[in-house]
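There are two complexes below, and they share chain A, which is joined by chain B in the first and by chain C in the second.
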Partner chain A sequence: MSMTFISSLTASSVSTITFSSIPSTYRDLKLVYQLRFDARATANNLRLTFNGSSTSDYAWLALRGNGSTADATSGANSLEIQPGFTEGTNSTSNTFGNTSIYITNYNDSNVKSVSIDSVAETNASAVQFTYLASGYRNNTAAITSLTIAAGDSFIGSLWLYGIGTN
Partner chain B sequence: MTDTPIAIEVNCATGEVTERPLTAEEIAQRELAAQKAAEEQAAREAAETAKAALKASAKAKLIAGEPLTAEEADTLIL
Partner chain C sequence: MSFVQIASQTLASSTAVVTFSSIPNTYRDLVCVVRANTTGSATALLRFNNSTSSINVRRNRLSANSSSVTSASTDTSGGVELTYTSRATMPNTLGEANFLFELYDYATTNKYKIVLVRGNRSTTGMDAMAGMWQTTNAIDRLDFLLSTGSYGAGSIFTIYGITS
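Let's look at the complex of A and B:
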């Protein structure tokens, strides 16, 4: 399937980023980003929501590893999907949390599923995570906007692609 | 860094980028989401800590040849 660039954004000390009016011409969506908190010392999770909605109909399940331990974590009836950790100001300079989010069949009338792989590599002994997750929203509306948000401001870049054709 | 959280939005149809401060309602929603996320995180960590304690107890009892509780045995079965 072909992969088509839709849009990109550069974040400079923002706490919410939205791609709106996403065209319905593709089958799947792929969001790629590298972000880093600029006003929070430690690494932390971001939040992914669709269509501006923060209702408790999201769920996610993740496997995490930090180089010495591994565990699983999840959220049910959640206000968002947690797409992995990103770096804080304590992390090595110019290191970012890198994440790829794949959303299948975002136009159809079924519930929405998401696959996520994310890494936070600091080249130091601070938080380093690999994170592999599945996400889900129990809502059948087509996705027309994606929002990445956090409780603290962050910097970095995001790219949105369309995959295949609708 | 600013005191008021900033939202940025790109309209994928037009390419227009808008940047604005979050509204009071959005800030309240954000704080609610952060609070719930923290509560969920605390619940997960408590469950993980309890499971680790059960596993440690099960291991100690196995070494000592003592009977395990059902909950302790569950931690050993894949």
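Let's look at the complex of A and C:
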């Protein structure tokens, strides 16, 4: 079995949540989450950082569609990777932003890159995003913790998997 | 569903072609993860069963750079192009980009083969692409090549099998 469940977290009205002490025994990581803002009306981006560090050595680039148009957006020398939108309280009840993040070779001494698939679909015209993105950190430290944060509190669940072996 | 690591290669030195042969036919799908670099500027290719036929691959891509989105299709020969000029290109710095591929029903003999490609390089672009190998042959070998030059030492190529 090469895809192994590591741990899960429940977000209960928090604006930051962290997987810490990630074991170094896998080749890649997969982070999956379903989140929704509980004190913000409109959908908004989340933030992904590694090892508790918000230094300006991240970059991200996304191809996104909102149901009528497609565009590209990006951030260079950024304080974080933006892994997609999640829902606000104005969104249809019980809908969550869904995101899958694949992190290759998190445990070695090279710079880090990630692949992101994210969707915020509410069966309403107000907020719907399909979001394909790449993320990057120009830092060679092994990743031992992953943090998802936002400017407002959110609720939901997160799951972390280890893939392959070193 | 299970997700099984079939094989992985970490290059000890620069290598022009990375080959996975005798891939077992016991899985439903394959997932390939490539974290690689090259010293020059080259297009990466994925070749099936070591076939260099000119009739058998086509690539449709949806790409983004920092400000725009484009889409196009291209016929290629000798393999599916995994990178696209000025988007998610193969980097010189190891780790700056990653490439994920999914091959569905690779062992069947009644379907043309489709590969879905994600290229992620935040400093230049990203690609979501589809390639097709227009033969019903089961896939039992994958070769990762470059249009010129070699993959760098430390590059890692891993293949996973998916069962249902």
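Note that the second predicted complex is superposed on the first by the 165 of 166 C-alpha atoms of A that agree within 3 Å, B and C clash if a C-alpha of one lies under 4 Å from a C-alpha of the other, contacts with A are read in each partner's own complex, and residues count from 1 in each chain.
One rule holds in what follows: a contact is a pair of C-beta atoms (placed from the backbone, for glycine too) under 8 Å apart; a residue touches a chain by one contact, two chains touch by 3 or more.
This structure is a prediction, so every number in the text was calculated from the model and none was measured.
Participant: Mind working out whether A:S74 is in touch with chain B, chain C, both or neither, as first, second, both or neither?
Facilitator: In the superposition, A:S74 touches chain B and chain C alike.
Participant: Have a look at where A:I6 lands relative to chain B and chain C in the superposition and call it first, second, both or neither.
Facilitator: first
Participant: Return first, second, both or neither, reflecting whether A:A133 touches chain B, chain C, both chains, or no partner chain.
Facilitator: In the superposed model, A:A133 contacts chain C only, not chain B.
Participant: Go through the superposed model and pick first if A:T18 touches only chain B, second if only chain C, both, or neither.
Facilitator: first
Participant: Quick check for you: in the superposed arrangement, does A:K112 touch first (chain B), second (chain C), both or neither?
Facilitator: second
Participant: Have a look at where A:G164 lands relative to chain B and chain C in the superposition and call it first, second, both or neither.
Facilitator: second
Participant: Quick check for you: in the superposed arrangement, does A:Y26 touch first (chain B), second (chain C), both or neither?
Facilitator: It touches nothing on chain B or chain C.
Participant: Classify the contacts of A:F50 with the two partner chains as first (chain B alone), second (chain C alone), both, or neither.
Facilitator: Neither partner.
Participant: Looking at the overlay, what does A:T104 touch: chain B (first), chain C (second), both, or neither?
Facilitator: Second partner only, chain C.
Participant: List the residues of chain A that touch chain B in one complex and chain C in the other.
Facilitator: Residues common to the chain A contacts of chain C and of chain B are 71, 74, listed in rising order.
Participant: For chain B, which residues count as touching chain A in their complex?
Facilitator: Going by the criterion above, the answer is residues 1-2, 5-15, 17, 19, 22, 26, 29-34, 36-37, 40, 44, 48.
Participant: Would you mind writing out the residues of chain A in touch with chain C in their complex?
Facilitator: 1-3, 27-28, 59-63, 70-72, 74, 76, 102, 104-105, 108, 110-115, 132-136, 140, 163-165
Participant: Inside the complex, what are the residues of chain A that reach chain B?
Facilitator: The touching residues are 6-9, 11, 13-23, 38-39, 45, 47, 54, 71, 73-75, 78-80, 82, 149, 151, 153, 160.
Participant: Please output the residues of chain C touching chain A within their complex, sorted ascending.
Facilitator: Touch list, chain C to chain A: 2-5, 8, 33, 35, 62-69, 88, 93-98, 100, 118-123, 125-126, 128, 154, 156, 158, 160.
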